[in-house]
Structures are given as structure tokens and as C-alpha cells.
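Look for chain A in each of the two complexes below; its partner is chain B in the first and chain C in the second.
Take a look at the complex of A and B:
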């Protein structure tokens, strides 16, 4: 559980795919952060010939209104990543809180919270997300909220399982015997030591949220002024036969980002699971039950 | 140690029972079955029995880490059984655990100092706590204390961790220490040192010990009284000599006979030379 500084990046170096994915995500974040200050064009400016294929002048071509597709991709990366990180972050915080309470307090609290999370797990996420966005309006905040609302149960279940394991460990019982408040035992001993199990879900959650946002925007339910990769796909789909680049480029960007995040999530999960770890580069203290 | 019958009772168990439901089934397993037990101030009580006999469950029940299904648990005369966790908090510090696996006894993220501070909440200032923590480390033989305070549990050896566990238990200023197989994880050289430390601390602080062990010879050498557990019942209680040398219960007899005599070529006419009595085995 305690990883020294030298070993801190071991999970990453142990796999080429993970290294490539990590570099890709870092570059993407840099582009999203810095790009808008470097690129000359306004993403909304109708400045060029419409539906111009990729050329040295416009690397990713132009869209049906003559807007530079590269500029729109960079601005789209901002929104897609922002939605991904915020929605996944909210979902994970809520999931940890719900799962920790369910696992730690047990009994009726556990039953109530887990039935609630099952309710959210069995509804068809995309359809419900679309319905809610259609009802409350297409604002960016609404979309983030809806995605978070529909994706916390996975974190909750993983957290609950880990809390159930950690809460009966000797060191937790030792602190109980010292007369500490239950809520502090949960916050100071149990949750910090349950978090490693949740780590792999961070990357996976961001990937999932990016996909969800893309789906919602692709269906035309995002705000037309909020440029995201899903919106670009939505625009491109109407010109699919005449302008392949309008679909392929955002599609590839979503594909590569989601794939990279999934690989990263797997790498973290492998590094934390001693049974899956074959290279032995990461040594984590295994707490025997 | 001679005043077992006159000193005030520290821990009293009255008809304590605990059942567990089998996973995926409606049948119950009785882990502890109507145990009566009194431990007095300054007394060492050893609870012996094979694995699965319910000794560890009994330790958990005594420490209020599990609630009994029936019976009462009294700590210094106060009934803990019906107490809510919030009420229990202030009372339970008088008994402290020492667990079997010292490496699992400490939050891997907390330094030695932080772990001890958790037990020193009754002291107001950090300076007081620091001084007290250092004293405790010195007392259990982790010297120089200053070099240990900032270490993490995994940076200590197994023996050092067990000493730290003792220091933490002492930090809460208990009257009773419940030690569940505290030596089974330690190697032989450490065992003797830890046993001596526990004996010294008992003399200093008039501590009572509830010692859970499967090691009959340890119980014989250390305990004032011995209790034998079998299938959740306390089948025999008495002085080590009475219980272990002249066992009256058939189970105790088998338990004692099962101990290989490794302590030397002691002439052992007192032992039954035929421990593998087929009739006795058949009655399990």
C-alpha cells in the first residue's frame, strides 16, 4: 500500500500500452489547455470555404459552414475533457460516500443505499440521460450533473466491498478499542485505506463520461454553442457522404481518448492487484487478512 | 497474583453466547456457548483450545467488537452489553487488545507517533503526548524512542511491531489487556522477550491479562488461571496445575496430551504414553 518514490511510476512503466496512453492523455490535456491561446482562428468564425478537405492550410479540413475543423477539435477537447473529469469526479465522490456508508454502517443503511444504487444501475443510462437533458435543458452543467447522477453506483459498489474488507482489519478494531468515534474511524482509517481499490475507476469513469457526453451531443441534445467532440460528430453525420473528415477525426479522437483512459485504468488496477502483476516492478505491501 | 479470589473483578462474562449464520444457509453455528468467566485485577487468565473452539470470538466479544446474542459482559462492574457505541466509547478504553498479526495491527499510512497519539487523546497538548509516546516506546524497548517516532509500521520488524502494539495498548492506560495469540506471529527469540515484557508490565501496573493461545506450555508457564474452550464452551477452569496436570475433562486431557514434549528429556510418567487412544479419538 505504501509505494516509495522510486516505485511510484512503476505501474506505468510496466506496460508499453500504458506508457503510450499516458503520453497521449498528457498531450491531449496540454493541447486543450494551451491550444486556444495558440490557434489563430475563432472556432465559431465562418472564415473559409465550406467542406474543404484536409489540406496544409486547414489540417483537419473545414465544416459545412466553413469553420476550421482543427480549431473546433481543440476547443472540443476542452469541453469533452472538462465534462469527463467533472462528471467522473462528482460520480466518484458520491460513489465513495454512498459505498462507504453502506459498507461501514451496514444493516438498514446498507440495504437502503444499495437498493438505490441498483435502481440507477438497471435503468438504461443513455436513454434516461437523453430524457433528463431534454427535460431540464442542454446546459453544460446539466449534462455533467446527469452523467454524474447516472454513473456513481459502480464506484459505490466497489467502495462498499472494500470497506467491508477494511473495516474488520485489526488496526481498525484497535482504533475502535481506543474509544474513537465511529464516524472518525470511518473517515480516518477505513476510507483512506479503501481508496486504492477505487483508483482504477477514475480513468474508466472519465472515459465513460466522455462517451456519454459525446452520445448526448451527437443526438443533438447538447447546446449548439458548446463545442464538444460529440457536437462535431453531430455536425459531421449530416454531411457524412460529402465530408468524411468531419466524422472520422472527432470519432478517432473519442476512440483514442477512451481507449487510452481504459488502458490506464487497467494498468492502475493491475498494479494494485498483486495476483495480476507479473512483472514485479511495483512492490506493494500485501496485507494478509 | 495470590489474591485471585479477593481482588476486584475487572471483566465478568455471564452466560455469554454468540451464534453465526452460515453463509447462504439458515442454520446457525454456535461459536461461543454460555461462557461464564471472571478475571480479577492483576490476574493472568489463559484461554486455551484448538482452532475453531471459539476463543477468538470470545476475545472479540469481550472487547465489544462483536455483540453477544445472549449473556452479559461487565467491565469493572458496568454492563456493556446493552450500551450504545457512543456510550461504550468512554468505557472500553480500560481494556485494550493485542492482536495476533502485528503487521495488520497498524494503519499502514500512520507513523508510529501518529498511531500512539491516537491512544493518547486524553492528554491535552502535543508536547505532553510526544513525551508520553517517547516514554512508552522506551518502556517497551524501542530505543532510542526518537528514532522510531517518524517511522511507518512497515519499516519496523515483526518483533518491533509487536512491541509497538503493546505500547499502544499501554497508552490507553488499561486495566485489562486482551491478547489474542500475541506470539504466534513472532519467532522464538522474540517470544521470550515479549513474554518477559508482558510479565514486567503486569507487575508494574497491576494489569489483568486475558491471554488467548493454543500453546498449552505457554499457558502453564504464564497464567494464574487457565480456561479450556471446546466447541464454544468453557469446559474447565482452574490453576494451570489443576487443569493441565490433572485434567478432569476428557477434552482437556487430549489437548494436553497432544503437546509434543520439546522442552527436554523430562521424565514424563505423568503423561499418558498412549495419547492416540482410538476410543478417545472416536468421541470427538
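Take a look at the complex of A and C:
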């Protein structure tokens, strides 16, 4: 099916908030990619006066060891975005695989997989993540793995529901009639055609992963050498009473990033489900006496 | 109804077993000696390591070890913390009341305000008020709760000095019961509001979309056509039918009652399970880490079970023998 450019980008232009969010995320990614090559300071360099408030000299101030906060924020953006994208990516791939198998094969496979995903949805995520990281060690890979392990169920449930719908559509049956093996029907027809339903979860997943990482690092569980926004907030809490900028700025960055991603996720799901957009306004004319 | 309850109860058992298994695996995948993982990084009496090795049969096969682990849990033994010099279960029960004092008022307040916001947003869908509700809910879900907590401290405790920076009760204390309650409320305000805001937005979001969806059902049109006033339609026909997803999310929040406060308690130094847990993590006090994990996960399962049993009360369709379980 041909999708015109207008259709493809319609979701983005549907609201100002979505456009602003998109631009913000693009800029942020650029800063994270290019920033470290442009900034003069080493993020670990102790070169300035400690706890210096924001000034033209150091835009975001300096931390308790005299390190430049702007530099650390830019390096932190790298880690926070990297963790967000990798953890959400892994969770979505696992979720699609699990959900597709559950929905397509049904029966005992479905029951087993869905029970498992329910289990992961029920357990208290933060406690489990912190317990695992505390026991296996604070490496970045561990943190990404733990977040992914605890966040795939949502994708699995959405994929399963969509696969259940798609697998009994006529064109899928037509492919079956051609005598293709079931596994090929799943991989070539059912999964690709179920993917649009998962789209909104990408941005939402990255947002959630960034929040998770910041919580874990905030509790002081990340490696002190891996600068993330959560670690900056951890340092900020230690200096809460003397250096507001160490708290306000990194938190604002997390908030703005997660908010933008959530708005983008919502915009995508609204675009895919136009009914959400119309509800209310149209009906109000009927309801109001 | 009885069958429904039995099925739900039966499903809770494997979930609890899964949690215990996860807790068991955690101590085994920890780097180093599992005995050390069970003791934590504290000087234990020389005989204790042998005692542990014997109790969990560490020379035996893994299934046997798991069985021993399970039986010792069943007898209420969550291990011993050398950091606190007390059994883990006692420490957790000791802190639980404080966490409940922080969380329960916040959860109740958040549920009520969240439903109110949801109703307002849905009734005025498409208006400025609805946009405001949407902005509040999406912001609430994007804000790191510990950052919100620190902002409140910066403004209301550090700058304005209206509320204490941390703690649950003043050290100086009060002689009268009335004074103690007042002191607690004064300390509750900042952490309590943080949690209320965080949970409120989740409830509001679900409530708004559920109510909005119900408003478009034919039976609502029928009710309106009968000439019922809007308040009555909202109360009896829309809100009641929109309730199940709202109850689900509120139940989910309550299930996390012991863990939802981890970050907030850390910021405010509230002496509950959350700060106990974070302290244990910092000290590598493995028995407490594992104990809090097991305890809070089981609370989640139990609360979810209660919520499941509540559904037939709200929704008569789930009472019959053909109820979908």
C-alpha cells in the first residue's frame, strides 16, 4: 500500500506539541552526538571553583568537585539516551517475539507466555531492578539488560492482540493456501503487518527506560564513572541545600526529554487510532441539551 | 463467584513461587560465594557461614537447595542482617508502619483527585479544561518523582521554610498525642504531596479515557433520551461502567504501596521500607535487599488478588458461572 508523505508525517503535524517535541529530541540527539567534540572541558576534569553557581563562565555552574556541569550534562545526555534507546529496543524486540508467538500459536504456548508476561508486569519493577543491579554489579550493560528484562511485557501484550487480529485476515489465509510453512507466514506476513500497533510503544518505551535509568543512578547504583543525568541528580541530592542548579538543571533535562517522548508516543497512537481524536467534540453537540 | 475466586487464588500461587524463585536465583547469580551473598558484607560469627551452608544444603543439588530455601521462607525466616543485628523479617515489619503512614493517605487522596480530574476531563472533552487535565497528566507521568520531591524541598523547605526538610517526626517531640499527630502531618505534607501528584496523574489518565469511551455507548444515549439529568447519567450509567479499569489502576498503585515510596523516602529521609532498602543497597546488606524484594512482591500479589476479587462486586457480569476468568 502506498503511503503518501502527507500521511506519513501527518501525525507529527497534527499538533504543535508533537512538532516541538520532535524538534527537541532531534536537537538533543545532535547535542549528544556532537557536543563532546565541541566542548573544551573533560567531564571529569576538576578545574574550577567548586559549587560555583551558573555564570557566563560556566553556564550550568560547577559541581561539588569543581567540574563543569554543562559538560557533564552533555556527556550525560549520551548515556541517558543510549540506555533509553538500547533498553527500549531490546524490550521491544523481545516483546514482539513473545507476543507474536503467543498470538500466532495460541494454546499452551499462549497461556505460558502470557502468564510469564503477567508475572513481569506484577512484580515491583524498581525494587527488582535495584536488587538485581546491586547483586550483579553496576555496569552499563547490566542496567540496560535489567530495564529491558522488566519492560518487554507491554509490547508483548499489544503485539499479541494485533497478531490475533491479523492472523485471520483474508490475505494471510491466502498465503497459507499457497502452501507456505506456518513459520514463514508468521515472519513474512503476520509480524510485519502487526508492527504499526507497536509504533507508539517505541517512544513511550524509550521515555520509560530513561526514567528507570535515572532512578537507578539516582539511588547511587550506577557506576560513578558513567555520567548519566541520574548520576548528576544523585550528586545534586548530596548538595541539595547548597547548590540548587545541580538539582534543577539535570532534572529539567530528564523531564523535558521524557515529556517530549511521551507526547510523540501519544501523537503516533492518536494518528493510528483517529477515533481518539474525535471523541468528545463530535458527541458534545448531541449531548448538550 | 466461588469458582472465580478459586481460579484467581490458584493463579496467585505460581506467581508467588516465581517471585521466590527469582529471589533464590538472585543470590546464586551474585558474584562470589552464595553464602557471602546471604550474609552480606559484614563480619559474621565464624560458625554462621557453616550454619547457612548446612541449612540451605549448599553441597546438595539446586532443586534441593531451592526446597530448603522455600521451607525456611515458609517458616517466616527471611535471613539475618548483621548490619542491623536483627532478623530481616523483624526489621521489615518494624518499618512497614512508617511506610503505610506515608503512602496510604497519599494513595487515597490521589485516587479521589485522579477520578475527579478524569471525570472533569472527559465531560469537557475538547475544551481548555480538558487540555489542562491532559497536560497535567502527561507531565505527571514524565516527571522523575525524586526530582519533583527535591524541587518541593528547595521551594517549600529551603526557601520558604514552611515545612521540614526531612524526617517523619521532630527530634524534640511532643508530649501530647495531638501534638504528635500534628507533627506527623507537618512532616507528611511534602513527601505526601509528591506521591499524591505522582499517583493522581496515573489515575486521572485512565479515568479520563475510560469515561470517555463509556460516554459513547448506546445505553448512555438511551439514558439521555429518557430525559435523565446529566449528573444522574454520569453517576449511574457512565461512571459505574467506566469503573473496572480505574479500579485496576488504583489497585495496581496500592499493590506497590511498599515500593512506591523508595525514591520519595530517600529524598525525605522518611524512615520506611524504601529508605531501609536503599540503605541496604548502599551497604550491600544482601539479606535485607532480598527480604524487602520478597516481602514487597508478595504484597503486590496479595493486593492484586484482592482487587481481582473486587471485580465481581463492581461488575455484575463477572458474577455468573460463565464469568471470564
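Criterion: the second predicted complex is superposed on the first by the 273 of 289 C-alpha atoms of A that agree within 3 Å, B and C clash if a C-alpha of one lies under 4 Å from a C-alpha of the other, contacts with A are read in each partner's own complex, and residues count from 1 in each chain.
Going forward, a contact is a pair of C-beta atoms (placed from the backbone, for glycine too) under 8 Å apart; a residue touches a chain by one contact, two chains touch by 3 or more.
Everything numeric here is computed off the predicted structure, so don't read it as measured data.
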Touching partner for A:170 - first (chain B), second (chain C), both, neither: first
Which superposed partner A:119 touches (first chain B, second chain C, both, neither): second
Which of chain B and chain C A:178 touches, first, second, both or neither: first
Partner with the higher number of touched chain A residues, chain C or chain B: C
Which of chain B and chain C A:189 touches, first, second, both or neither: first
Partner chain in contact with A:68 - chain B first, chain C second, else both or neither: neither
Touching partner for A:130 - first (chain B), second (chain C), both, neither: second
Set of chain A residues, in rising order, touched by both chain B and chain C: 287
Chain B residues within the chain A interface of the complex: 63, 65, 85-86, 89-90, 92-93, 95-97, 99-101, 103-109, 118-119, 121, 152, 154, 165, 168, 172
Chain A residues touching chain B - in the complex, by the definition given at the top: 1-2, 169-182, 189, 192-193, 285, 287-289
Chain C-touching residues of chain A, taken from the complex the two chains share: 115, 118-119, 122-124, 126-128, 130-132, 134-137, 207, 211, 214-215, 218-221, 233, 236-237, 240-241, 244, 247-248, 251, 254-255, 258-259, 261-263, 266, 279-281, 283-284, 286-287
Chain A-facing residues of chain C, complex: 11, 14-15, 18-19, 22, 26-27, 29-31, 37, 122, 125-126, 130, 138-139, 141-144, 146-147, 150-151, 153-154, 158, 165, 212-213, 215-216, 221, 224, 230, 255-256, 258-259, 262-263, 266-267, 277-278, 281-282, 284, 286, 289-290, 292-293, 296-297, 300-301, 304
